[in-house]
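First chain A sits with chain B, and in the next complex the same chain sits with chain C.
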Partner chain A sequence: MMETHEEQIFTSEELEILQEIMNIAFGKSAADLADVIDTHVVLNVPFIDIMQVTDLPSYILNYVKDYRNISIVEQNFWGRFKGDALLVFSSGSGKELITMLQHGENTSLESDPIEILERETLMEVGNIIIGACVGKLAELLKDVVTYTPPMIILERFYNDAISENHFDPDKTAIVLKTDFSFTEGNVSGFLFLITSNDSIQWMKEALRVFIAQYE
Partner chain B sequence: MDEGGVAGFYRTIRMIFQQIFDAINLGIVILDRDLKVQGWNRWMEVHSGIPVNDIINTDIFNSFPHLNNSKFIRSCKSVFTFGNFCFFSQKLHHYLFPFKTTSYSDFRFDYMQQSCAMGPLRNDNNEITNLFIYVQDMTEVAVYEHKLVEMNMRDGLTGIYNRRFLETKLKEEFNRHKRYGGVFSIIMFDIDFFKKVNDTYGHQCGDFILKSISSRVATLIRNVDFMARYGGEEFCCLLPETGIQAATAVAERFRSAIEHQENNFDGNLIKVTISLGVAEFKVEMESPHSLIKKTDEALYRAKREGRNRISVMEWEETVHP
Partner chain C sequence: MIKKILIVDDSPIARKMLKSCLPKDQGFEFEEACNGQEGFEKYKSISPDLTFMDLTMPVMTGYEAIEEIIKYDKNALIIVVTADVQLKAIKTVLDSGAYMVLRKPLKKEDLQVALLKAQDTLQQVE
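So, the complex of A and B:
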């Protein structure tokens, strides 16, 4: 079923190029992330899946169900490449990141409850990871994107965190998925980049231009 | 368009953008890769008191040393490395630049509440050469929000908590104690013959008595306790970490204080009494409602038995064989 969608939208050659671009992009992002947040982020080989938007929630839930509780940072990105980035963190990631990023420096106010720090930290790190991955991908496709401020769902049971009405049902979703983990601390999760048919024509052209420079 | 025409066109565009840059009701700062200030609009001049000529080409940390922290530097790095946008929301950060507030509200923040964002600026080759920061004054919104939160949790007449707030707190306490055990109690009290006060002296006097009683009782509770106006002349007090005996002693203090209090309304010395019901949390209780019900029953017993007195909930321990 999924394969028919893939065939309709991208040729196998195009999918191969897209896969290659993602490998390069995420590889570069991981290296640069180390420089920005002083810790190594392992981004695993990304996958591309194409599906009806209505199948998205169950698709995502299937990946994150082992986490039980999750936190989600979500951002929209806008360029010719446009869509929705969902970064799903495993339970407890926020608290781990607070310890990792503070480096003994206490910039927070005494009165800040831990929940506010957790939100802030997850949004900051989420924003950086999303920006790194989307930015590199866009750069390789010769595009420049801007972002909406991150939104967050903090530590909620996975089944309640992702809802059906989150996505426009008439659209096809191109899902670029990777899992990541930090070498330090117990932080891991998934990144889903969801782009829709609006971007497809442009993407096909960008992929052609990309490969042309090697031919 | 001939050469001069194109140049003229761009000159006009530049002039227009310069005017917008200075006229907009938003702070705009431009930094280069060394974090030296390359742009500082009129809004920033007005609110910081630093003229553009004094800050241009200087290190931003010279003028704002508190920005020299890992979060700010990390954000700048991610803008230059990835072309990221970074957001500093008012809720989390309150402000990036410590400016005086300009609002005339009675609720004052120490500094202007700001929502800020940071993003990349690119040259013709698409390379990121600078970053921009925009600063939006959110003080008024933050004041409204603060007021709304207050209104939502306080009773308009007496200024103590309202029923909604108490019920939320009660639910929290109840669930916590269900899970981890421990003890807490509630006291409910009601003004005796309040209708008579209203009928004799008028509703304004009734309001005065409500205020006077709630403020007297408020002086008798601890910081950790919550007192709320529960109904018309009915009040409820939540006492965390307090067993029924201690709670009954507290109730007696309320009763005695109100009995001896003289309320002076327009030269009339009015004395009232209160009846009280006390109950404590039991693990066997199913919901916060069961606890309220027990307290309410005790309160009505106190009323039935002659008023100006305390009644404690009846509870039969379930005996496990």
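So, the complex of A and C:
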């Protein structure tokens, strides 16, 4: 039987453990976000794909092609687990989140241009989602990670938002992907955690230690 | 007495983790399902004493499965085991008739306390 690319790097059991850990980590993100915004974050089952980094832009496009524009919050993280977190929001999510955070009241100052508010809101929400998810994932795998400050690309057409040379072409990408939407407010998006072959040996051992608690 | 236990979770690893946290000397009989729909069908066919239910699952979510099971059997004892620990999620499932919510990753002690409470409740119903 032919092995898939994922199975060449991870065994099927390792992939299942990683998927369950991702599920727990994203649950933590959703709970942290729901503390700030009065909504229920609807979670879908996360999954894992492994590919050459050069295939990443078209892979991501496949998921976000239905969005007119996208906004991206990006943070790099590093510890023994290191990589890049990309949180991709649908068009208009920034403005929608501003409304939700203000509980429908327009209390912004006249001097705050909407674009600045949108940037700040998306960065703050992105920071909560990425920090909680990556932090929980690292915690479950007994690691500690440090983050770069969030960077944002606001309301761009996909091809202008992610370029072919955004990622190091020599690396393999382990993509942990989950999608989310809010029950109130028209906000949805995807979280991609992209880690490279540098983390694979460590990750395999960390997964073994994690599941050993349950043997 | 709790004898038959149904575990509904799409992740085989999560099912394994849950089983490993349960006492080995109680002679439990396990049945497993990998989504809410299958969980509901198995519930109807085996009438478990206790059901562990995940929420985020394909085909039919745990939210929907709990509603179906409670409609079918209002005394069903369902413990939700989930990574979705948002207050609204917890309130929704408790309002739907779930007995208790435990957060993932499971801790052996939490599960054993839950099991004792479920045992008491079942004895009162019997």
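Heads up, the rule we're going with is that the second predicted complex is superposed on the first by the 199 of 215 C-alpha atoms of A that agree within 3 Å, B and C clash if a C-alpha of one lies under 4 Å from a C-alpha of the other, contacts with A are read in each partner's own complex, and residues count from 1 in each chain.
Basically, a contact is a pair of C-beta atoms (placed from the backbone, for glycine too) under 8 Å apart; a residue touches a chain by one contact, two chains touch by 3 or more.
This structure is a prediction, so every number in the text was calculated from the model and none was measured.
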Quiz item: With the two structures laid over each other on chain A, which partner does A:Tyr147 touch: chain B (first), chain C (second), both, or neither?
Solution: first
Quiz prompt | Partner chain(s) touched by A:Ile24 [first = chain B, second = chain C, both, neither] | solution = second
Quiz item: Regarding the shared-chain residue A:Asp66, is it in contact with chain B (first), chain C (second), both, or neither?
Solution: neither
Practice problem: Pick one for A:Glu124: touches chain B only (first), chain C only (second), both, or neither. | Solution: first
Practice problem: For A:Ile211, decide between first (touching chain B), second (touching chain C), both and neither. | Solution: second
Self-check item: Residues of chain A defined as touching chain C within the complex
Solution: 13, 16-17, 19-20, 23-28, 30-31, 34, 39-41, 43-45, 140, 183, 211, 214-215
Practice problem: Please name which positions on chain C make contact with chain A in the complex. | Solution: 10-14, 16-17, 20-21, 56-58, 82-89, 92, 104-105
Self-check item: Contact footprint of chain A on chain B as seen in their complex
Solution: 69-71, 74-75, 77-78, 81-87, 89, 92-93, 117, 119, 122, 126
Practice problem: Show which residues of chain A lie in contact with chain B when the two form their complex. | Solution: 29, 32, 35-37, 101-103, 105, 107, 116, 119-120, 123-124, 127-128, 131-132, 135-136, 139, 144-147, 149-150
